[in-house]
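Both of the next two complexes hold chain A, though its partner changes from chain B to chain C.
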Partner chain A sequence: MRDSMFWFWHLMAAIVILIVLSIHFGVMHLEGILQMFGIMSAGDVRSYAEVLVRAKTVAYLVIYLLLMWFALYHGFYGLRSIIVEMSDKMSKAGEIVVGWSIFLFGLGLAIYGSYVIIAGFVLANA
Partner chain B sequence: MSGTTDSYKTNFTETKDIVFKIFRYEPDVNPKPHFDTFTVPVVKGWTVLDAVMYIKENLDSTVSYRASCRMGICGSCAMEINGKPRLACQTQVISELRSKEVVIKPLANYPVLRDVVPDLTPLIEKHADVRPYILRKDKKVEVNPKGELYQTPDQLEEYLQFSYCIKCGACLAACPVTGADVKFIGPQALTQSYRYSVDTRDDGFKLRLEVMDHSHGVWHCHFAGACSEACPKGVDPAFAIQLFKREITARKFGKEVEPARLARQPADVKRRENIPYAPEKTVKQ
Partner chain C sequence: MKTVSLEKRTLPHRLGIGGWAYGGRYGLERYLFILHRIAGLSILLYFILHIFITGQKINGKQAWDAVMGSVGGTWFYIGEYLLFVAVAFHAMNGIRLILSEFGWILGKPKRPIYPYQSANMRIRVFTWIMMILAVIIMAVGGFDFFLMH
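On to the complex of A and B.
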């Protein structure tokens, strides 16, 4: 994949993050405002019962999977860019090694994160 | 010397003493750079180049600088003036800088040859890398076209602004990414690459993409906008780079561009007798 596609997905990831992170922030941190407008039901969003309700919901499963995958891609693409920029004496082979190392590390985190989110969903519905 | 000084004096109406601190570096004599200070009686209307010429002619003949046209066309006299890359010939000392002290340094992000003379090799090499000329698949049309290539005024407008580049190098000196990453292709070359890529007569987009579409290419621009601020000709390289990103992405997703066709040579017309023929080519092919 050429850098043009990396960059394109970097932008797409930013858009997805903007949407799902807004939902996350709205629910978890701005619940007072949302409750004031009647968008959310009153109650402590961090209580065990509320967390369990969210964990059972397919919509939240999708939101958190999207947030994690796209945030990982967005962040690690940025990290790669910084490393490549700050190491201008690095050879082409070095850049490829850095790129693949970051990709594999990110992939490992994505698999582990997906497992945690999906396991939470399965356990909550058991 | 006296004649030159007199010619300056004849134009004096009201002078203002301005202190000029000029970066001095002569690697063969003294590898340590330093600043020399000169007090120059500046007249309203003088540019920094006028003041530097005054210094060379009247105060210190060893001061080295590069200049040619004195009217913002050749781009030779780009230097860092009070912290910003500018053309010395276009920078008014009194009305623009509004400072009692003017600090002159060579352009940043280039090796220094001597004093305020930078080595512009990185600029020229990067510029050459993007093949800044019309490329065609049909080499006969590229090298020796038998007619004009169609282009509408609207199509000309697409790249006209970006063709005003005078290769002064101010944009590279201002670019923070070039400062951090010497491999970065830079705003000047990227702008010229875009300028030719959207020229309807050109068909070299894919060839240029090889130079642009990598980790030190077009995607590495942080969009700081310093290049556009520094450009003395209003080329706006930062804008060109963002347009170029959009163009590359659009073409990746299937945008097709047909290069301009050769206009047919007019038939059934007779040349008027009083129109002279073009002189013979000096280079025979």
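On to the complex of A and C.
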């Protein structure tokens, strides 16, 4: 894939993150205000019981998977861009090694994170 | 016809990371670019840790309570708010960058009539609007973080 396409998906990923992260941040960090307006029920959002309540729903399964995949892509593509920009003396081969190393590290995190999210969904519904 | 590769026409990046600190004549938008990168890298570092920490939920209540206990101090709470601030800034500045990248806020091209005005200056108002929005989100977050708990 051409670099311009990676860049285009970097921007598209940002739009997806903006939507799903707003939901995640609203629930996890603005819960006091949301509870005040009756949008959320009162309770400690970080308690294990509440974590399982969220993990149980298909909506959260989708939100968490989308957030993780797009955030990993967006973050690691950004990191790669910075590293490549800062190392202009790097050979083309070096650039490829950096790109693949970051890709494999991100892929490993995506696989582990997906496993955790799906296992949490199965556990909560057991 | 002789072709010149883009790589050969690119000037060497002599300033390194130190070059990030000074925006020179590029002004406000250049400093926002630097902050955007610092915020982005900080969020990425947190996000990697976040995946492993929240991954403890599949090991049962005891493991979850133990890991939440280890990241539950005052300093961590302040750090969490700083992350909220970084995300609010990165998101609002990111919206500006995306709208600018696709040309939606740049307006129609104009003839260069003196006194010249750069594209940056034409959309400076929008830049300030996005920064004000970021500050409002940070303030609302601060209210929830520190006054409602």
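One rule holds in what follows: the second predicted complex is superposed on the first by the 126 of 126 C-alpha atoms of A that agree within 3 Å, B and C clash if a C-alpha of one lies under 4 Å from a C-alpha of the other, contacts with A are read in each partner's own complex, and residues count from 1 in each chain.
Quick note on the criterion: a residue touches a chain if its C-beta (ideal position, glycine included) is under 8 Å from a C-beta of that chain, and two chains touch if they have at least 3 such contacts.
Quick caveat, the model's predicted, so the values are computed rather than measured.
Of the two partner chains placed around the shared chain by superposition, chain C is the only one that A:G120 touches, whereas chain B remains out of contact.
When both complexes are overlaid on chain A, the residue A:G78 reaches chain C alone and has no touch with chain B. In the superposed model, more residues of chain A are touched by C than by the other of chain B and chain C.
Of the two partner chains, neither chain B nor chain C is touched by A:V97. Of the two partner chains placed by the overlay, only chain B lies in contact with A:M5; chain C stays clear of it.
By the touch criterion stated above, A:I19 is placed in contact with neither chain B nor chain C.
Once chain A of one complex is fitted onto chain A of the other, the partner contacts of A:L107 are absent, as it touches neither chain B nor chain C. By the touch criterion defined above, A:I39 lies against neither chain B nor chain C after alignment on the C-alpha atoms of chain A. Contacts of A:D88 after superposition on the shared chain: both chain B and chain C are touched. Where the contact sets of chain A with chain B and with chain C meet, they give residues 85-86, 88. Chain contact summary for the complex, chain A toward chain B: residues 2-8, 80-81, 84-86, 88, 95.
Residue ranges of chain C in contact with chain A, taken from their complex: 10, 12-13, 16-17, 37, 40-41, 43-44, 47-48, 51, 54-55, 57-58, 61, 64-65, 68, 80, 84, 87, 91, 94-95, 98, 101, 140-141, 143-145, 148-149. Every residue of chain A that touches chain C in the complex is listed here, in rising order: 11, 14-15, 18, 21, 25, 29-33, 36, 46, 48, 51-52, 55, 68, 71-72, 75-76, 78-79, 82, 85-86, 88-89, 109, 112-113, 116, 119-120, 123.
Of all the residues in chain B, the ones that touch chain A in their complex are 177, 180-184, 213-217, 219-220, 245, 248-249, 252.
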